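Pasting the structures in now, so scroll down.
Below are two complexes that have chain A in common, paired first with chain B and then with chain C.
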Partner chain A sequence: MNSMYVQGNSFLHQLDPRTKILFVFSIILFVFLFYDPMFQFLVTVSLLPIVFLSGLTTPYLKTVKFMFLLVFLIITVHGLYNPMGDVTKVTWQLTENLSFKHDALIYGAVMSFRILSIGTATLLFVMSTHPSDLANALVKWKVPHAVAFMILSTFQLIPIIGREAKVIMEAQQARCLDVKANMIQRVKHLIPLFAPLFITSFMRVHQMSQVLECRGFSSTGPKTSLREMTIGFRDYAFLTAIALFALAAITLRAVVGGTLLPITDFVLMSALIGIWIVCSIYFFDFLWKSVRKKVV
Partner chain B sequence: MENKAIKVENLTFRYPDAESDTLKNISFELDYGEVLGIIGPNGAGKTTLAMALKGLIPHTVDGEIQGKIIVDGKDVLKHDISEQVLNSGLVFQDPEGQLSQMSVEEEVAFGLGNIGVPRAEMVKRIEKALQTVGLAGFEKRSPLALSGGQQQRLAIASVMAMEPSIMMMDEPTTMLDPVGKNEVFKVLKSLKEKGMTGVIIEHEIERLTMYCDKILVLHEGESILFGTPKEIFSDLMLLKKFKLRGPQVTEVAYEVFNDKEQIPVVLDEAVQSFSKELKA
Partner chain C sequence: MKNKLSTLVVAMIPAGIALNWVANSIVEMLKLPLFLNNIGNVLNAIVLGPWWGVATAVLTNLVIGLTTRWTIIPFALVGAVVALLGYWFFKKGFFKSIPKVIAAGAITGVIASALGSAVAVYVFGGFAGAGVDILTAGLVAMGNSIAVSNLIANFPGTFLDKILTFWVVFSILRIFPVRFLPNAKKIQEGLGMNKGKKKDDKAA
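Let's look at the complex of A and B:
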């Protein structure tokens, strides 16, 4: 399988893809309603039980580390260098000239947890939805058949093009293309690699279009699908829950405003240090694995 | 005249910017239940002819086309390809390039879904098609994880499941290894036994003589010979002139026998003729 789909039979797997799309959108709505690191953090944490219950913990942890790298950079760099807000309000003085500013840290923390929560929700969706189901869901939402096919075919096309690229690379190496030359040479060498790759890809797509024609792709009339999709009780229950949450969040926003609780230095420091700790765990894990690979 | 599976009259075709016609004045007829084998050297126009029979020419490929093509009672030039899905199906040369779905069963279901076959019927047809090509049990696999021979059989199953009246295959085994070739020919044999009407472009003459009722020889866009394998291959001298060869048994028999009437074209026949000759 070329997608990130993980087979399973959990509650989340059984939901209709359309429900899950709405779920992702509602998470995006929640995190952008408020400008409060505590709230964003809570949203992220509240998604973790769903990850666990869907049996996606291992693939999730594997994928989320790339997001943590991003989050680490965001909160650190913003906290140190973002000139927004009151620059004199310092949370943590590192050296004479280098300090984490209060307002900048809020921004960094909010952004970090927004990325984490949206990322988690999206990963939940992608990992629990078969690409074909996604395509079907889109068709049900009146997305043109051809667009849905395009989305689906990328899953198939990317590994094929990757394989082709490898073949071309080897063929050019056999013709003395030095792929281990210096940087500038290597950039120049991209042309003999990419030109044939583009041409073969176009030819492949052209042939695919003919194959599709032969399979009645452009035939008018109703289309059917092998995969069954029904919106059932659980979907309605899930959607109702989402709607209630959304309603509560919007009311809260209207009444209290973007910030729910006063943001203390302690909260910001915990966010910063917390992200650093998670990142370093991932980093040492990576180091440990590479060292072990070298030794064995 | 109405009950011909394929009827081609004076078909001439020229690609845009080409200096000469790719197909020149081709005419032939094929009955239902018959399999037509098309042979000829590279560049003879075999693939172009297959594309014209399927309607890819002129509907997706530009060019000047003259003449008349009637496949399964439909005028190919006048009907769009999507209207001809039930009349004819085409299997292409490149196995991998024909597959677009995430799993084997969805690959077969794709064409069925496009023409709106209900799900219950779909499941039945998928099972039957995969059974015929020997891919039962592979339903959930990714098409990319299959071998070349399996991919080509899957492509055949996908076309077959749509139940076209006429199956066309454009060099279905050229890109396969010997094992893959055998697999595909085994499927062709079982289709032939079920009374398939078909058109097969193929280089393996020995195989063609076994499966085909009619042979069409193309050379530089012209149809130079059309007839039963026996008729075509007994005239080896003419084939040689066009840089083609006959089946191996025919070539040998041609050197051995004086009586050109008893020249065999398939192996079983050859065994009989030779043993008769040796006894005498």
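Let's look at the complex of A and C:
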């Protein structure tokens, strides 16, 4: 499995992974401080220029798709059916029994933009950070070297074991394992497929632990790495900016409270319809691609 | 000995994570409506010890969260509990016959689906970004509360899934070549495999 890392040389790529981890955490802090859809929306939108400037627009748009399905369901279903708050306050009457309620819609919108902004921040982090750098950063944060190694070696191991699973599948099919049998038979087929897979991966584990031992993995003392990252001027500037924002946000929260501006029906409606529009664009794009696949 | 175990653990946990991941593709190839994505957790919990199973669960969700969809990270809690329960049932001797394994899987399935729904409701307002969400939405539209509909939508899948996870781990550990298991004797005792041999010895 490839990690989602996209090679690049932008500002974000050159930051230290630790700075970026702090950035993701500060975004999580921001969106949980306030209960205001406008604010969450602003956080999400303010992240988009960073996506663009880092040259991650295309991969970002590709991966953000599934989040929009989640967000679409959350805002629609909660707006229609969540019985929280004042149920009589209706924002949009669809039919006699079906209406988008004000309080429930606020909840749906806040949840949706929370998910979108945290998702965007995480994607920015993952797409601009090489897995080795992530492991290095973790080691520098006094995470045990073994844990960092586990995370890193998983990235390599998954495609290997995946390939093995495919080979086993084909070998067993060659020995008359019927993949199209009835349900119970297919459940029973799990054993002939999983047993060789487990055994080969255990063999691999033993080999690997011997190799690790040979290369002095369990030796004590400092370990060096091929890729070195240092915290420079950029990181300090970025961290200062984050700290200033965090300070401003916390003061605002203390002074004004959870909601910044009065939440009008207009804001809620535009959030709902905006999400619907983005979702339908993705949906039509999906339809268009599947139709084209069939034609070509 | 301690060092040897630790490199074994270091090598074993990524394998567990990879098995969790690859199980999905095997199940997909067989076209079964399951996930079996806790198989590595349960295996590691039994073979290495409960806390290594928990570590496998947490790291699995972290790695998948970092590479495909971050919404899976909070569900690490479910994987960790399944790993702990797997170890607990193993310790209590539930991994000795198929009916007992199924019972253990059923109990784990109930707990796991309740926990999964709780996480989904508290963190994501009742959805998890998977295909089942559409069923949840339909159930909500029929007039159920969000927590209940999430539970109903997810229960059958999770329930069967955990039973089959336990069953697969049980069946495979029974036929496993002994030399690859780090603490083979203990595991075979837990699986109730040594009894037969002793009787044979007496008969001989």
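Please note the rule applied: the second predicted complex is superposed on the first by the 287 of 296 C-alpha atoms of A that agree within 3 Å, B and C clash if a C-alpha of one lies under 4 Å from a C-alpha of the other, contacts with A are read in each partner's own complex, and residues count from 1 in each chain.
Throughout what follows, a residue touches a chain if its C-beta (ideal position, glycine included) is under 8 Å from a C-beta of that chain, and two chains touch if they have at least 3 such contacts.
Everything numeric in this text was worked out from a predicted model, so none of it was measured.
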Chain B versus chain C as contact partner of A:T220, first or second or both or neither: first
Touching partner for A:S10 - first (chain B), second (chain C), both, neither: neither
Touched partner set for A:S201, first chain B, second chain C, both or neither: second
Which of chain B and chain C A:Q172 touches, first, second, both or neither: neither
First (chain B), second (chain C), both or neither touched by A:S132: first
Which superposed partner A:E228 touches (first chain B, second chain C, both, neither): first
Touched chain A residues, chain B compared with chain C: C
First, second, both or neither for A:G162, with chain B first and chain C second: second
Chain B versus chain C as contact partner of A:S209, first or second or both or neither: both
Footprint overlap on chain A, where chain B in one structure and chain C in the other make contact: 1-3, 149, 153, 155, 160, 204, 208-209, 212-213, 217-218
For the chain A and chain C complex, residues of the former touching the latter: 1-4, 66-67, 69-70, 73-74, 76-78, 80-83, 107-108, 111, 115, 118-119, 122-123, 126, 134, 146-147, 149-151, 153-155, 157-158, 160-162, 164-166, 169, 179, 183, 186-187, 189-191, 193-195, 197-199, 201-206, 208-209, 212-213, 217-218
Chain A-facing residues of chain B, complex: 51, 54, 56, 59-60, 80-83, 85, 89-90, 92, 94, 96-103, 105-106, 109-119, 122-123, 126, 142-144, 158-159, 162
In the complex with chain A, residue positions of chain C that touch it: 3-4, 6-15, 17-19, 21-23, 25-27, 29-32, 36, 39, 43, 59, 62-63, 65-71, 124-129, 133-134, 136-137, 140-141, 145-146, 164, 168, 171-172, 175-177, 180-181
Contact footprint of chain B on chain A as seen in their complex: 1-3, 130-132, 149, 152-153, 155-156, 159-160, 204, 207-228
